[in-house]
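Report on the following structure.
Chains here go by letter, A, B and C, matching the order in which they are written, and residues are numbered from 1 within each.
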């Protein structure tokens, strides 16, 4: 008799969670390596889901840069039978998409989802996959520069032609400048020692200078800043760390916010039952705006009120 | 462990099993520590991916990958036998050079195979099995075939000369064998196997990635050691089988560890690096492990 | 059969360790001649053998075996003409290979190796037959790894392997020096038998004067990289150790001082 009571109680306790009103969603996360921006995306994602009122049981797997383990993690996730999979960065997403065709996959932190083969098109991904891309929106960078310098006619861009990422971004910038009717002057530096000369070559020929996220120029940033200050040439950058070092302004990806926007997409799949293949790939809505008023002053620029008001961070 | 994780470990074990056969060939048979594999694995992946991208049949792309791997191994062999560079150093040089070569071949750091016809896709359709079962079966068949060919080869006159090159090079030279040639041949075969392994792995992970070779030699050695320790190596045929079984065991151990969660503690892939490294240290230092057998 | 003309070799040229190991050595061997080679340590005996085998290229001189000038040939290429037995018993066989595999390797000496089976069934018969003549019971252990054999057994096996394919020149480099006296005697007996049966042109380096005097048709003595004595025929047959010492002193104007050669 006592045994029967015990068993009934055990069964009830076991079944109870299922009777609860809130469904618990199992979300498996795969991330290729630990890195501040990637971690920020993951935490932003999980926190945002919680804030939206969803009960989520996450299962996090980090491959520590080991590509073979990355593939086995995909198998592991398959076995976990999750309601949704979050894949952070390209290799993690590729491994999961290769194996799992019957569960929704949301990727984030992928620069080029098309080239990675994750989606058929950005507008209509098809299949069970969608997500967010972190490609720099050059149109918004150019718009910011023109907001600060309404009369902008000629823009100079400083970069290393040997860096593939920079080449891609500069080509995008070329297109945007053509659309906006701004002339683009290029100055390249093959190594950090050549940055000073390259910056000097732009003096007198352009109204403002821009540097994309280019490792070479950013490593010798102070030299370029010096030239711009001497020539009263406003210097804009593609990343926010450079603003702290002395460029005028930058619009950059806030990775935590990116995770949050990804969570919004995931919530639509989990709560509203949307199909991932019908959801277009999104790029970051909210960019962080950092400005450096001291640098602006040194370069002979007064930042407009509209910009200062919007700024997420103002450095004196 | 779920069945998905189990079969996932099997498919990795077989896919990398080809590479482990290659490491057995150089490390055990030829007594040549060959780090080229860290570069020839992604080389095979790159060549195969580019070929498939260009429309080549995936099976043919595997053959191309083999050829590329053979060349890579031959380069290391040439550096060692002709230019008299120390074997370890020669293999490192080739490995480093291959990073640039692989980037050139792919034209970018990552070349996707998603949406392209791979062997996995073809076999899955043909077999009618779900993908998580068809993949380990396919890789198992390929690896079994390679193992049979390798065992046959090591029993031929040329194969015997290769075994002797690693066992007693002085004697075999006095018997008329050009050990420079056999070393180049052995390294070529080993890296051809590894490149084929890379091609399979790329098809299993959705693309070729220039960084996918990092840690290959360590995983290979760990697999060889694990196989020998558990299964012994009474004969060449047995040693070849043990190598493949070792590869399976190694990946199963990883799967087990990845799924292990004791409260809030769980083994991460970086802990596995430590365990693997310890295994390899054991392999390189324990004298009994250095004794060679080839009958 | 062998013509070594003006062989010179210096090691570590230009360094502090520079040593002129061979100083213009001339030696002619006729077909079927069995020559023993003696000399003190560092006299150049083994170096000469290695020069003939092609282990290293010579600085000056020519090596002609039969009608072929092999001076430019690397060691493995000359192997088709030469059979070799080393001092260290472990160097003549592959320890990891079975006895039959070792013999199979020796059977293909000097020939290109292809994809045919390494050990053929009909070869096993040949191996058994040859091994049984050694009287060591090895013919019943074809599948045993050579590494399990004793030093004497391995050396006997090496001897067999060196003549399995009849060589034009047999080079023996102190091949009994590392064996105990009883085994050494056995191996020497085997050597004498094989050389006579097959009529082999042989160069045997030894530290042991009695061995050198007792075996072969001719005795050659090295000293400081040169040949200082060359005794053959009747003269050799009547040779005694004391004579040898006197002859040496006469030739070089100094005493022959090598305990190892004398203490037998």
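The rule is simple: a contact is a pair of C-beta atoms (placed from the backbone, for glycine too) under 8 Å apart; a residue touches a chain by one contact, two chains touch by 3 or more.
Computed from a predicted model, the values in this text were never measured in an experiment.
If each chain is drawn as a node and touching chains are joined, the picture is a simple open line. Chain closest to the overall centre, judged by the mean of its C-alpha atoms against the mean of all protein C-alpha atoms: B. Computed centre separation for the pair subunit A/subunit C is 75 angstrom, with centres defined by C-alpha atoms.
Between subunit B and subunit C the centroid-to-centroid distance comes to 43 Å (mean Cα coordinates, whole Å). Centre-to-centre separation of subunit A and subunit B, using mean CA positions: 36 Å. Chain contact summary for the complex, subunit C toward subunit B: residues 53, 74-77, 79-80, 82, 84, 86, 91-98, 101, 104-106, 108-111, 113-119, 143, 145, 161. Interface of subunit B with subunit C (complex): residues 153, 155-161, 163-164, 167-168, 170-179, 292-295. Contacts from subunit B toward subunit A in the complex involve residues 1-5, 7-9, 11-12, 16, 108, 110, 112-116, 131-132, 201, 204-207, 209, 211-212, 214-215, 219, 251, 254-255, 258-259, 268-270, 272-273. Every residue of subunit A that touches subunit B in the complex is listed here, in rising order: 61-76, 78-80, 90-91, 94-95, 97-99, 101, 115-118, 120, 164.
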